[in-house]
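Heads up, there are several structures right after this.
Heads up, the next two complexes both have subunit A, just with different partners, subunit B and then subunit C.
After this line comes the complex of A and B, so read on.
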């Protein structure tokens, strides 16, 4: 069967790797620039909110890249779990995206340092500690939300993700040389347990890293919400990456229209799933109308955030839902790549809407600008990391036993 | 495309084209492409499993089915939103959980369901329609070899109804495609009489469906001394309490709860309004504050304080009745907006609907109820008050209003039947009646030529 595999260019374009130093420099400049911009973001009260806005922007931009990496890790595992053959030719790109997590998580260290070495409430209000005038409901949660316990949990979450990402990548690399199909069986066997660990880590990671920015509030569906956004942005990144690689003469035969069509279907599915989860969370809290549950939404329904919320309904759900519904659209690579770009754009707004609207932080031009520049900087850093991580690695798992089937993949005219 | 209908007694079964049999899907795909490229459009393939690329090989155009689904889904969305808005916000506004009548978030789950339901049904039925299903018989089944289409063989069929169909050409074409067998598809000429067993089975099934209905009918029309069989016991015996009943759940033993202290029920905000009361509560409070013998009223928010009846706004009128009614500072003049032609007509209507049965159409206390009671001559019937008594004529409008609202003697209050506006309309009409029955020559407007009747 190996003879069926077309002679395709499966390496990253050399000029992409050459961009890495420029990207790193641009990324650092953007993040610093963002600090400056956020400094001028206005608050509703007397207090200056600049440093809070920057810290939260940093967190949301960090989570932006981490979310689609986690999405790719899940994708890799679930493809093994269900023994999917169609995805064999694109799975390596997902493995590579997930493989950036070990290095990317280093960028969480500043946040961790803020928690461990200071008592500043810039990101996590609970960080001030007991007896500092926190509301009773937060005070009682300090047994869970304290620097030591928080750090331990963070290490566990990232430990699970890093282990899974490294293991799947290195095993798949090993198969590139040996072509041993036992490796695939092994990866399949452990996909189930690892997915369970991954789900727990993602769920509680979402609680700790993002939800505890508003420690009084709680939502049991929050982890699923982040998961929905992660998968959605992951498929968007995949579509864009495949499109760009093909534009540069890579993977021209390995990734065909059917693969694009399927990634687009998944993206469409997760648009709906995101809408479903986001609305479920809102509906229950809106209907119950209990103060401690609705406060989070209250922050997001005033000081200009309400327009961001409405924008999300329109642009994170309605527009891409109708826009990518048609088969015709899904089979047009350039068109889908633009929709994927749009999805990533609204995913940024979604993360901003989840993290930034805190007490005393209204929407302002400087906030949006600072956040956007921070995001651009972090994306530059991520892109540099990705190209360095890929290096000479083949972009397709060339000896995957499923690959011939994936290449013969066809569903219709 | 139409073809002559075969004669019933035709000896030769009608041909439906040619069918070719292949051993694997690749041969079938090649053959399908070849037949497609020869210009035939009415062709179809039959395979034991889905074959990738068969649509393209057969030249099947993308289906229009998604448009049916989309339109039905959009219809479902709009139907659900319109329906819920019309029900909850327009036709039967009802407060649920203190939300607005048009609560769009609450509409979304139903909207989602109806969108899915409409599109699912439309997809199914449109698919059936587009495929011409259900089709009870197909000539292909005549050939026993075709049974292997669900097993290990692949078939290609060129329909004789194709525009360019030519029997010999098609057979030769198919024979050239590597088919292991090319057969003519013949019309099923077996007897079209429905088998007796099938008829019996269908009749039995129909009969069986009638059984539940017969049982229900029988039970509805027969009497039984055994207790009723409760299918849903907790629906027949619900834990909810009836009004005015007792309960052990609350310390005071009442199943109904008092309004929460400091709250006012919907529609009771006007309790301190003379228009609503018929007297001026402010004036009353002023006069009461001087004396210490009665409950002090906080008339501003219609709530009593400093008494054991605190919080029970409804008992206020009771307290008033207990107090000397003559003392109340009655509204003396019609409130603004009451004296008008429309209010008069409304008052006439409401008076005739609610009051005339006892008081009579002219207000003499000779309504039909009264006439009937007097005819029965049971002795204890007290004739309703004539509205033309001096006592009533002298009453201020607020007093009459108060009587309509709260009742007097044997007459019950009409607060539940008439709202404040309607009560004032009735007062206006009563005043007009009094004027009409007790008019003098001076009441006749200038220029009206009045011919005095025999009664004068």
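After this line comes the complex of A and C, so read on.
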């Protein structure tokens, strides 16, 4: 079988790895610059909102990278669960993306420190604690939303993700050497239970990390919403990475047009799924018109946020839906890579729309600029981390038993 | 014709890098044709007659009860204040849910190129149509004056100058279920045309030949026919895919757009869809386990097919479990007293038995499919699917009845009890469903012959490629 595997260059370009120190430096500079920019973001009231804007921007940029890493972890597990073969040649990239979670999660420590060591409400208003003038509805949740329990839950969520990501990566690496198909059987066997744990962690993690930035508000679909965005951004990242690697002479035969076509189909599917989930949440709350539920949307329908909301309908759903529907587009790699870039951009807007519109924070030039610079910084840091994590690791699981089928694979009409 | 499928193997064993055969037992193209066609050509087995003899009178009873309902009024049901939606709506949602597996198998599994769907898609699609017929009956007769049910259709009424209430999800439901029924029917029928032509060509009886000739629309199997058929199938699959999500999403809107505690929650759309797929596959297995035994289809509907369906039931059952957990958690987290009390009432109030039947059947019983013995032993598997069917009926009962039984004012609290008409109508709807399924087995190709053959040759080619792979 081994002779069927094309002789491809499957290592990361050396100059990418060389960029890591520059990227780290650029990332740190951008995050600091973002602090400066956000500091001048104006509020609707007298109170300065700069530090809140920066903290929330930091969280949303952190979640931007974490979301597609979680998407990649789910992708790896689900490919094993359903015994998929088409993805065998691209799965390693997803494994590597997921493998950054253990280090990436360290960037959540500042948020955790803010919760544990201070009573500042910059990210989580509930953090001020009892008797500090919180609304009664939030006050009564403090037995759940308090630093101790929050920290324990965060450790559990990240623990599940880190364990799964590390295990899948290390087992797959082991197979690179031995070619043992027993490893595939083992990965398939544990995919089911691990996906269940992953789903619980993602669902409740979304409530804790993102939804509790507005502690009075609640929505049972929120976890699914984050999941939709995570999967969508994951496929976008995959398309871009595969495209860039091929431009640099990597994976030229291992990843073919059929794989691009399939990733684009999945991306299209999740564009629709995101629209479905976002619409379901909005429709049910708009129709029910109960104040404690609509307040969250009220914050997002005033002070300029309404335009961001409309932008999401157009750019997160309508445009990419129409733009990536055709088979012609899906089989043009450069075109799909630009669409994927567009998707990632609107995914950032989506996360901003979920996290930043708080009481007293209007849209302002400084807010957008600060948030964007923060995102660029985080992407630089992530890219550095990714290249360091990849190192000499092969970008394809070269001894995966499904690889020959993946390479011979053709999509139907 | 050379034998192209492999002989007896346990096709549930996974060998990474190798696809297990989906048709077992040294079948040839002609043996597959023979295996399916003889079901309708030969006399039916005794068990078919026994089933029909039970189901058909139940169907007649259903008709009689509907007549009784029309003559007397909806007071014959247990519906009361405050439980204005009783069993009829429970039955409606139950049957619509059952009707989800067919289109999922024929559309979504088709788009995912899941070849194992070919042995089961036909029966599942038929089941879908019959379930949607049962489902459509209940809201139709629930409107009170059923002879005016056509008012649901938006037409420019010159007498009334009125349109239906487009802002009501109940009307969206008319469109959603109507579209779903039409597309499913079209999909089912179109897929059947090549097989109906086979029935036509094999028929010896003049009448039989005439009927199948009309139904097969002049199919000759020419390459032009196949080309158009494949194209149409792909388009219908793409069109039907959003329908799998939309129907039960709109059904969930019936509940979720209201302000009623226990109904008004945003997880409802995806949760209802997962539940529908869960119940649909439950019913597919409930039907196909006996069918494959009675008609000797074990080489087509193999242990692998059954195991795959068990796994889908396990996955969707767990999703439903996650939704139950999220709902309960959010009822507390929202700090909405009414919401929380409704959930406590469901689990520990007078309807506690219904809630725990639902929970045990839908969340706990599918977990048995973690054990291989439950995925392989058809008797155990069948018992679990019965639990799934029961659990999903109770889920709709819990949602509908428990949320209504305690109105906001304690003076408006009530306890729903079904009448004998409620119970017999549910039985009658099973009569309708089973009768139609019996007739389907008797007269139509219950496995997609042409599609199964496509999978057989693919497997043979794959084996060929693997055997010669090194030298190329």
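Criterion: the second predicted complex is superposed on the first by the 411 of 413 C-alpha atoms of A that agree within 3 Å, B and C clash if a C-alpha of one lies under 4 Å from a C-alpha of the other, contacts with A are read in each partner's own complex, and residues count from 1 in each chain.
In this section, a contact is a pair of C-beta atoms (placed from the backbone, for glycine too) under 8 Å apart; a residue touches a chain by one contact, two chains touch by 3 or more.
Not measured: the values here are computed from a predicted model.
Colleague: Kindly say whether there is room for both subunit B and subunit C on subunit A in the superposition, answering fit or clash.
Modeller: After superposition on subunit A, which the two structures share, subunit B runs into subunit C.
Colleague: According to the stated criteria, A:196 is in contact with first (subunit B), second (subunit C), both, or neither; which is it?
Modeller: After superposing on A, A:196 lies in contact with subunit C but is clear of subunit B.
Colleague: With the two complexes superposed on chain A, say which partner A:302 touches: subunit B (first), subunit C (second), both, or neither.
Modeller: After superposition on chain A, A:302 lies in contact with neither partner.
Colleague: Between subunit B and subunit C, which makes contact with more of the residues in subunit A?
Modeller: Of the two chains, more subunit A residues are contacted by C.
Colleague: Examine A:325 and indicate which partner it touches, taking first as subunit B and second as subunit C; both and neither are also allowed.
Modeller: After superposition on chain A, A:325 lies in contact with subunit B alone.
Colleague: So, does A:283 touch the first partner subunit B, the second partner subunit C, both, or neither?
Modeller: In the superposition, A:283 contacts both subunit B and subunit C.
Colleague: From the options 73-81, 127-135 or 271-279, pick the one stretch of subunit B whose C-alpha atoms clash with subunit C.
Modeller: 127-135
Colleague: Once the two structures are superposed, pull the subunit A residues common to the subunit B and subunit C interfaces.
Modeller: Looking at subunit A, the two contact sets intersect at 283, 287, 289, 408, 411-413.
Colleague: Hey, which residues of subunit C end up touching subunit A in the complex?
Modeller: Touching subunit A from subunit C are residues 14-19, 113, 230-231, 234, 242, 245, 249, 253, 256-259, 264-270, 311, 314-315, 318-319, 322-323, 326-327, 329-330, 333-336, 370, 465, 469-470, 472.
Colleague: Mind pulling up the subunit B residues that touch subunit A in the complex?
Modeller: Touch residues, subunit B against subunit A: 52-53, 55-56, 60, 62, 66, 70, 97-99, 105-106, 108-109.
Colleague: Can you tell me which positions in subunit A touch subunit B when the two form their complex?
Modeller: The contact residues of subunit A facing subunit B are 279, 282-283, 286-287, 289, 325-327, 408-413.
Colleague: Within their complex, state which residues of subunit A touch subunit C.
Modeller: 1, 3-4, 83, 137, 140-141, 144, 181, 184-185, 188, 192, 196, 199-200, 203-204, 207, 218-224, 272, 276-277, 280-281, 283-285, 287-290, 292, 401-402, 404-405, 408, 411-413
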